[in-house]
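Next, two complexes with chain A in common: one pairs it with chain B, the other with chain C.
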Partner chain A sequence: MSRPMPNPPSGVIHDIGYRKYDGPRLGRRQVTRALFAQSLRGAYGLGRSARAKVLPMLLLGVMCLPAFIITVIANVTSSITGELPLAYSRYAVVTQGILTIFVAAQAPASLSRDLRFKTVPLYFSRPLERSDYVLAKFAGLATALFLLLTAPLLIMYVGALLAEFPVGRETGDVLLALVGAAVFAVVFAGVGLVIASLTPRRGLGVAAIITVFALSFAAVSALQGIIRYEVGNADLAGWLGLLSPITLVDGFQSWVLDASSSAVAPPPGDAGGVVYVLVTFAVIGACWALLNLRYRKVSVS
Partner chain B sequence: MNGTVVRLTYRALLGGRRAWLLLAMSVLLLAMAVLLRLTVGVDHQVTADFLGAVAVAALVPLFGLIVGTGVIGPEIDDGSVVYLLSKPISRPRIILSKFAVAATGTVLFAAVPTFVAGLVMSGTAGRIALGFGVAALVASIAYSAIFLLLAVVTRHAVVYGLAYALIWEGLLGSFVPGARTLSVQQWSLSLTEAIATRDLVSSDVRLAVAGVLLAVVIVGATWYAGQRLRVLSLAGEE
Partner chain C sequence: MPVIQTEDLTKRFPATTALDRLTIDVEPGVVGLVGANGAGKSTLIKVLLGLSPATSGTARVFGLDVTKDGPAIRERVGYMPEHDCLPGDVSATEFVVHMARMSGLPADAARERTADTLRHVGLYEERYRPIGGYSTGMKQRVKLAQALVHDPEIVMLDEPTNGLDPVGRDEMLLLIRRIWAEFGITVLVTSHLLGELERISDHVVVVDGGQLLRSSSTSEFTRTSQFLAIEVSAETDAVADALTAAGLTVKRDGHLLELSLDDDETYDVVRDTVAAQGVGLIRLEQRRHHISEVFGEDQE
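Right, the complex of A and B next:
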């Protein structure tokens, strides 16, 4: 027998002071800009743990050290030589190992964690388009690489001015080298990010990127050397340079910017130069398209 | 060694598509060797240059890096290594099992193709193929041991290993001759120098010194990795 309850339950809704957000709602552009800033800072470990800062800062130091040594040598021997012992535009190729390590370490750090912890769908639930995410990440890593290349170039430039080399010539040279550095940065960032976006596992991404960069550079340089000097076919050796990102951009800047090449064989003639330029832009465009294609569909589970 | 650990590591390393990706790199080396044989013909200096620059200086360290860190790195990374460590198997034995898989993998995918590429380009003349094959074999084992140790010590093993392979052996070695004395690449090349009858390669390290250093590195790195695994602490995601 159920007895009727003596008092019917009475509930009270307490107002505990929750408020709606009534501040300004920032749009797509601001989200993109914030993501770009976060990616750029993250590439140097800023805003991340102390352990994440060690490697990028170490690489930045290692990157600047040769420039510093070059500057000292230039200042000591300035009366004899009258120019820097290493041309600005060759710096990126000489230190390509450091650039490769930086891309290999930071491209997966930028993308893989978002994939692994399923944060990508959260980004896309905001007013942020797929292409904005790709743009922010791409621009972030490319800018980080560009800064990594700019720092030693500026050290060398200041050193050249201190050694009282002709100001006009040095300024022109360093500006051309900066344009080349920008192309280096964009190509490296693009290739690195495409590979990194394919795997949620950081370790695998790192290994894949270094394999693509280091193995292709070693193989292309060795083949170029053999075909140029043992076979004596400089044209074929020049065409081979298209097959590695590093020799590709080196050929690009040696033809477009008239910079001194560090590759074993420069692009063969004007036709070769045009092909190098086209391939460079095609690589950048392909990376952009592939990244957008990759992020059209992101699995949640 | 422990059969189960070996079998599981082997499956994790080569299961699925990973074996094909690794095989693609070996095939690339052989393809370039065939191409050079067809375009250049038999030229022992070309063989030595090519194998020295591509196989011993790039392919073998990269394989050692990927395979050596790959046998234990992902497990430490995602934390599943605790299930392995909680089994009643001593830590040095786990390391020994992992090392066996890593060394076998690197030898199969990097050293054997190097030997075959040497045969394709120069035949058996002057024992060049044999010299480079032995160098690649020894270097494979040494790199596996070093990079396995690195994977136990740090989570960024691939990056630091790469820094050693590219900056120390590559960049610094070409400017500072002293750095070459402490380089696995030069130690293994001293074996090539001793085996190959023609005077095509030169190493900065004497054979006896290189042999002792190689043995010390392989044994020492494997032993120390076992010690480090005993006190492994699982750090959180950074």
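Right, the complex of A and C next:
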């Protein structure tokens, strides 16, 4: 028989009541970093519903598939060709459709969502400044796009090394392509976010972004083709490339990074190259300014 | 020291003047800010949070100037907006954790405080389900939780009882009272119903057309805004006359009689008078005047 314990445990659950928080409170910069991390993860559906993960993960897969095939071809034919069938720096332009879909899906998910649910005032009633919000969202999407471009480039790089192509050449090429990928990512994220920030309706944002990217690329490429080959004016065709984000960055990297261009017509001469660079930075700056302007005005009612 | 101080605070929009030389002091406790829709309550909160700049005048929170020290103030304030502000596609837990992090709490602390805070506002198993499926009452609790999660020194609650049914309204009011009584957090709460604020507030500020109408401790208000509504089975007119004869102010409203509620003896008078008339008392309830009724004279 068990003897009663001298002090039987009472087994009462106490409501401990309200507890004050006296732990650390992080500053603006760390809060911005937390929002950046959340935006970056969110672009791949991490920390969101299972449904939100499907599209970005699918696109990541589709993005890597050609790189994998290129790698296989390079390894099979390495004795004949001695180089990758597709230059690293052309990869972004060749897969621009996938990039466009990714931006079109994720830019509105990042900004329009906060506008639609009117969550924005909750951010701005916290220590975060409006420019911090813009910075975190911009950097988050740009980084997500950069990673989307980096993954296939690294696959190709590893493939090139397995095929025993010259290490020095491949490393230099892939590094240049990564710089180009960074510019692509920032321009795409900027243009996509500016459009997304204008509408609380996600569907509208998706459609608008696809239209702007795909239509401008199709129109510019077609016009370039006509003017270069039918009219025979290669310079004018080259200038036209400024009018689409995709041909713009392609021109930027073909001139600055000496990468191989995928556009119908590359920038006309050195003057053209300088203009391409200036316009690229102007577009990035304009996106940043427009987003800040938009969020300075955004209603907090 | 007052938690909030404004002096000649003015906010003009192109079409209207939302705040018109408003001067108020808010001491720690529960402070009710009452006014009709469009009286300037929400505008005042936005100016105090530094979300919207004042046209002229000064406003201080914790002695800090709202135009210069916005971020420092916002670190110590919680804000529950009047409108919907919750994303429908995440759970209450995920959302409040995120908002806690946006207030500067480290990840671990954010999770811990979220669990605590959601429990305090009365959300249990539901908190793992997407907010889109919540009732209005549950959504209001989530909105309150995100305002409290970082343990602010003051919370500003804009129309927290909006859209709630009578039971939900009572629960929300009790909860607001607890924020001060148990959590020690000063509350600035707005409503267009004086009746509900006087139940929980230590101090009531009445604004109208952006101007201060009245600022006083709650007890002074109570008498003017409470009344009894009764319904009898027959002879409503005779009962009304008898009650008037017994010294009460009686107003007929359909088959209801509205009586001024002076003190608890009024109930006895009603019971005795109705019984003496030999009719049944069907309904007896305490009601509160709408703010515009109490201050109807002032607005004309």
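Everything below uses one rule, namely that the second predicted complex is superposed on the first by the 283 of 301 C-alpha atoms of A that agree within 3 Å, B and C clash if a C-alpha of one lies under 4 Å from a C-alpha of the other, contacts with A are read in each partner's own complex, and residues count from 1 in each chain.
The criterion applied here is as follows: a contact is a pair of C-beta atoms (placed from the backbone, for glycine too) under 8 Å apart; a residue touches a chain by one contact, two chains touch by 3 or more.
Nothing here was measured: the structure is a model prediction, and the numbers come from that model.
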With both complexes superposed on chain A, which partner does A:G82 reach: first (chain B), second (chain C), both or neither? neither
Pick one for A:K20: touches chain B only (first), chain C only (second), both, or neither. second
Under the stated touch criterion, which partner chain does A:S125 make contact with: chain B (first), chain C (second), both, or neither? second
First (chain B), second (chain C), both or neither: which does A:R48 touch? both
Once the shared chain is lined up, is A:G203 touching chain B (first), chain C (second), both, or neither of them? first
Taking the superposition on A as described, I'd like to know which of chain B and chain C A:G269 touches: first, second, both or neither. neither
Looking at the overlay, what does A:G285 touch: chain B (first), chain C (second), both, or neither? neither
May I ask you to decide whether A:L223 touches chain B, chain C, both, or neither, giving the answer as first, second, both or neither? first
Figure out whether A:G61 sits in contact with chain B (first) or chain C (second), or with both, or with neither. neither
Check: chain A residues flagged as touching chain B and also chain C 48-49, 52
Contact residues on chain A for chain B in the complex? 48-49, 51-52, 55, 62, 94-95, 97-98, 100-101, 104-105, 201-204, 206-207, 210-211, 214-215, 218-219, 221-223, 225-227, 230-231
Chain C residues touching chain A - in the complex, by the definition given at the top: 42, 46, 49, 51-52, 71, 74-75, 77, 79, 81, 83-90, 94, 98-99, 101-107, 109, 113, 116, 120, 130, 146, 150-151, 182-184
Contacts from chain A onto chain C in the complex sit at residues 17-21, 23-28, 30-31, 34-35, 38, 47-49, 52, 113-114, 117-119, 121-129, 300-301
In the complex, the residues of chain B that touch chain A are 25, 28, 32, 36, 39-40, 43, 45-46, 49-50, 53-54, 57-59, 62, 65-66, 69-70, 73-74, 77, 156, 158-159, 162-163, 165-167, 170-171, 238
